[in-house]
């Protein structure tokens, strides 16, 4: 057992030496890059949110201005216990909000969305964050695949939030109505919520 | 003269077996043609020609004798079963591509008849539904008023004569309609089934086709060409999932009868799970294989992403066949207990 | 009516039995030549006890069994031995085997027959009588019958009258016509086995046989059971299962489960052998198919098949003929072979009866084969593995439980000759096992050699070290005497000495350690001794034989005898040479025996170093072999000298190559025998070693 | 959270998002150790052990790293832990079960370089799983891996006898088979909506 | 043949063809299959991997004498992991968009079997320069397979080539993208996991066929007499 | 700097702990013998001919086990042997090493006893002690023990040893492969 102890010590020290070198290397790389990385990440986040609200319509850091939604609202919007609303400000004034939302009844399951709404209730943008719609069929709702989602930009609050087939305003792709229907319904819920909560939101409360 | 250890043999051949399978498909084909029109025959023809051509091409490449392989007719069985699973009015290139994948990828890459672990027809079908879900979801309405020339025009040019409704060529299948309806919410199964698409037993016209498949299957069984275990176990698997669900929440889940008469359930029971090559061969293995296919069909139909799941259920279980076979070896004469992995 | 226990699977091929059952068993005249192969049972070929030119009487022993599984061979009629040597044989390989050719003299005169008073005889006596009479199983396996009568008491004796294969009807006719004789046989077997019950299973497509057997069994406790016609109900395992419900697993003897199965023909032959002292000289053969006179014939063993078929009216000598049934029989490669004891049926093929098999197609895994397999195997898997030479897997799936009944081949819609694949796989596996066994023997010998070289080396090293130590010690003592001498050399001298001594001790220890594993086998030493003794005995036998051969050769070479192709001188020389050889061999044998005795002594557990016996045992064997080889060489030299002398003496005589060759052959045989003995000794030693280590 | 939640994770990791066929992790052992069923079973067992343990311990380390704001050390620390677990397992198996060791052969050290073994902890970290979730996620993924490996092993054993066109013999046909398996597994898509 | 190949040529030939990690050794398959649905991603990951293999092989080789046997694995892994993290951080900083696409597969280079395998099998026994060259060649071999597979899948799946090249090459990359089929064309199978397996199978089969042909030609050259009776095999 | 120190602390602690565990385990669970060698040796034909470039089968087995040698170097083992090794080691089958000796039919050595001068050189060469004889005496080969390694051929000064291929008899006759497989010509 003496031998084991010696061997253990030797291995431990060698390993520690390598660990030290590796860590120094890593830490210095990190130091060299972390500012750039953070900037990149912020930009990415901003870009994501910016697809929900047009650039130039706000000047604050949205991610830093997130409020948790009340539980009942979260239940309604995302069918979960927690969700956030991001407050966009222009010159310190509330200029719009971005809501986390979800459509539970997509063809392949939940569709996670960000819905941007201007101060006056106009829908400014809808961005699909994640979905499980059938590739090649229902995935047209994703901006990466088709510009379908852009049709929501600028739609007034009192639009008929339903696919045309059901008598609404939303375009859809025949053979994959469900996906469009699900997104439309989710946007409708957001719009409704905003209208009911507009006053409170203007005061920075969800 | 060749000298074999056994000097006499029954006068059966693979070609004869396959011919009988084709014959057993005829009643179903007849009803299909009655329901969906002559487009079905076009699909069958296209599939057959493609299958034979593909098989010949591969064999030629491999410098193998072509004629005997074509004469065993197994490629035709594959082609027919595939054609019968595809939308009857699908575009011509769809059945061609599907058959190519079935024969080349599903069968010949493994060395041809007898070597393929997966059901070739189902390989072809799965490739298509994954690649072209939209086109694969569009079925013609049964008994739709679309004449032969209009069907041909649709299949080959993707256009319709003036005045024909697109619904006649691109309505969804009952399974799809039900699934969509339920997803949309607001209506329960009973209400949904009132739609004309469902007819009396849940599939206007389609139920007769299904029953004709069953007839063919029974004849095959009577001819001792298929074992009873696999199909029966499959139907039992369908019941084992659909019945409790239906009893539990009839508003959300369709009845077992609906599952039996819709989609490819009975076609599969008679002709697809019974594919001897890709199926299990041990007695217990056949029961497990069939039962699990039945279970998966309903589970994926009800909870999964595909309205009809026969192809995937069969492929998933094909994958498990060698393992099942190895672990369910029957007891050998004189030996204790079975199974030895 | 007793209960029947159906077995899994089975098939119902067309019967075709009527063609040959229309007429009673036919007798035939004696053929001009009889070709009696020496391989008439599952074991080794028998060893001839007669020589060419020797006249023999009917029933006289021609060859004696060589080992337990071997069967004696007798003269089916009286006549003269005209040749002993390779001749076509009824075997699928088409390889010729050692065969005794007998020219009948037409007198058919019996040697004195000695029946056995079986009721008073001990089972051992009965068994040895049966072995002497050459009785083997006539159901197809030609397993020596005396070995099947070993275990008593036995619960059930199953009598196999099923005859399930199409075309064959020899048992059927035998039961119809000679039921009483069969029942006599049953009586003897039941007595020997002390059988609790006797069940006679006959397929229900033989009502006349059933009736005859029932009549013959009247008044006895033996029960005739009619069983459903289904191939292969005549398989021993299937019949046992059918009649008793017992399943005999592969690798288990039926007697361990309290049953034994004997064919009716075997029992009839047994009755003849015991009650009349008649060895197994003839059998009933069904000759059918494309022949004019399909019937069952009673035929002498060794009858040329071509002649027999000609008698039965086979028109075309080129016709392919099956020996056995259409399910399990073999296509005969050469019809010049003599009828073997196993030959129950000859079917001349015709295109109508045997349409050519359609070409083989791929297995579609339909499972038909599995549903008919009486062994409950999955034939398609066996086929799959055999086809792809995956023999390990095939064995795992119990390839060796396959009884090669052919039911699977019969039903296969892909027309795959499945049994061909199983036979191929089985013989490959057997070959691999032989190779494996040889490889492990080779490894042992190689390791022993390594060990020996190592030992020699270390012994040498030890000796050297010891000498060095001595030297050093001497040096040291010399250096130590002058007191004034510097200490350094002394010390170093001392050190050297010590070092050398230590080295020597170490070397010795190592040598001992290495020697140990071998020294632990007392048993092997003993075995070696025994082996050596056996070897000695065999050598002596060989010598005796060589002498008698020589004498015979001398006889043949008698100048009076008609066509004296061989010069008398050479014959004389031969005799001389053989005598010399024999003498030397005898001497060698004696020495080997003495050595063996010594080895045995040495192996005595009391005697000190047990390492020696093993070594000696091994070495002895080798020494004996060397001696044999030397003897041989000497003999050969003598022979060639003699031949030269003869040549010189008689310039007219043709070159004396033949006798020398024969001499060579004899010598070779002796060498082979010695080698075999040695191999056996090795094996026994290895076995003993293994046993000891376990 | 309730049991159903964990069950869902399990079904999702084993079937719907199978590590090998859908996430495409752990493919090297999937291709390399599946020639024989026996080896596949052994590899599955070893991986299950390492992956579950690795998922749990790396979760703990991750908490530490987050607390100390050292997330850039994530990869390094995870892999070191996993390597240690693997090597320890290897030595124990080598000592206690030479048979298993021989079956797993050179692939046991390669568990360290099985992407799944690092990928799953990284996914755990990315998805902010709790300890229990991490464990279930790791275990489920490993079971999914083993399941596929075993079925594939049996399939490949059968393919040994098949008359496969020359260029496809060996790995190519194995990949074709994997393609068809992954095609079949697409059938599970949408099962856990 | 001409002069015997140098060590360097030999290493290169092994890495790029004979012992190609993706086609022959079947190591490093995960990124090959997961990130190969278009050429650009494939190329980016391949280059990143090459960088890591070369650097790690060199490092491993240079420290090989100081590492006790029992902690060989952890040490090698540690070296690789820190190199990978450096690459990861660097890409995150300067190729952010690509970084987002490649996602988890950058840190996973750590466990990319080929990196470790080369460290174990080659670098731990060879001098630094050979080891670095070997690592680079193996990495390039893998990159080659990645790009080939990426091209195959992108072409068959979407009918394009080098779509999104700007992510790697900057705005100028737009001009590299090719659209080779109608905009409607899409064959999803090739873009999904089954397509990845199938594509690699086709590449391997292709290599086998080429090798077989080469062998045959060699045999024929060595023994012209047999040329007549060896037909061409598929 | 703070970050760096913290990082160092964490990593070094981790490394120390694991290094200790591993170092301990490496001694505690040390294994000496490699069971693989036996398994490989079991497959090799034990001809001991050295055609693989190793002095006997076991050294070759050791070389394979340690990964130094390929599995396709043993001519007497034939392709069958390569298959078995490939299966054991879980690697792909590869055809015979093109440069090495190629398999040939099995044979045993036979000494022409008339020519033999009894020099004993062959005895020393035989790896399995299958040759008998002593100085100045004629030598003989025990056919059943001869592995056919041909090692005795070169040393014989009078070239009196020949290799005789194994013949077929009823005991070693084999059923042949049932059909001629329709296989394209092997490349």
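Letters A, B, C, D, E and F mark the chains as written, and numbering starts fresh at 1 in each.
The definition used in the following text is that a contact is a pair of C-beta atoms (placed from the backbone, for glycine too) under 8 Å apart; a residue touches a chain by one contact, two chains touch by 3 or more.
Quick caveat: nothing in here was measured; it's all calculated off a predicted structure.
S.K.: Hop across touching chains from subunit A and tell me the fewest hops that reach subunit C.
M.R.: 2
S.K.: Trace the shortest chain of touching neighbours from subunit A to subunit F and give its length in steps.
M.R.: Each step joins two touching chains, and the minimum needed here is 1.
S.K.: Going by the touch criterion stated earlier, list every chain that contacts subunit C and also contacts subunit D.
M.R.: The common neighbours are B, F.
S.K.: With chain centres set to the mean of the C-alpha atoms, which chain is at the far end from subunit E?
M.R.: If we average the C-alpha coordinates per chain, C ends up farthest from subunit E.
S.K.: Decide which interface, B-E or B-D, involves more C-beta pairs in contact, and give its chain pair.
M.R.: More contacting C-beta pairs are found at B-D.
S.K.: Work out the mean Cα position per chain and let me know which chain is farthest from subunit D.
M.R.: Farthest from subunit D by mean C-alpha position: C.
S.K.: Rounded to the nearest whole Å, what is the centre-to-centre distance of subunit E and subunit F, using the mean of the C-alpha atoms as each centre?
M.R.: Computed value for the inter-centroid distance: 35 Å.
S.K.: Taking each chain's centre as the mean of its CA atoms, how far is subunit B from subunit F in angstrom?
M.R.: Their C-alpha centroids are separated by 53 Å.
S.K.: Averaging only over C-alpha atoms, locate the centres of subunit C and subunit F and give their separation in whole Å.
M.R.: Between these chains, centre-to-centre, one finds 33 Å.
S.K.: Identify all positions of subunit D at which a residue touches two or more other chains, and write them in rising order.
M.R.: In subunit D, 32, 72-73, 76, 80, 84, 87, 157-158, 162, 165-166, 168, 170-171, 173, 176, 180, 183, 186, 189-190, 193 touch at least two other chains.
S.K.: Could you tell me which residues belong to subunit C and also touch two or more other chains?
M.R.: In subunit C, residues 417, 420, 423 touch at least two other chains, as defined above.
S.K.: Multi-chain contacts only, two chains or more: what residues does subunit F have there?
M.R.: Residue numbers touching two or more other chains: 3, 7, 11, 14-15, 18-19, 21-23, 25-26, 178, 184, 187.
S.K.: Touching subunit E in the complex: which residues of subunit D?
M.R.: Touch list, subunit D to subunit E: 21-28, 30-32, 72-76, 79-80, 83-84, 86-87, 109-110, 112-115, 117-119, 122-123, 126, 165-173, 175-176, 178-180, 182-183, 186.
S.K.: Inside the complex, what are the residues of subunit F that reach subunit C?
M.R.: Contact set of subunit F toward subunit C: 41, 44-48, 56-57, 80, 113, 127-130, 132-134, 137-138, 140, 142-145, 147, 168-170, 172-179.
S.K.: Would you tell me which residues of subunit C are touching subunit B in their complex?
M.R.: Going through subunit C, the ones touching subunit B are 7-8, 13, 166, 237, 241, 247-250, 252, 320, 322, 326-331, 349, 354-359, 361-367, 370, 374-378, 380-381, 396-398, 401, 404, 406, 409-415, 417-420, 423.
S.K.: Residues of subunit B touching subunit D in their complex?
M.R.: 58, 61-62, 105-106, 108-112, 115, 117-118, 123, 126-127, 130, 296, 299-300, 303-306, 309, 311-313, 315-316, 318-320, 322-323, 326, 341
S.K.: Can you list the subunit E residues touching subunit F in their complex?
M.R.: Interface residues on the subunit E side: 68-71, 74, 78, 212-213, 215-216, 229-231, 233-234.
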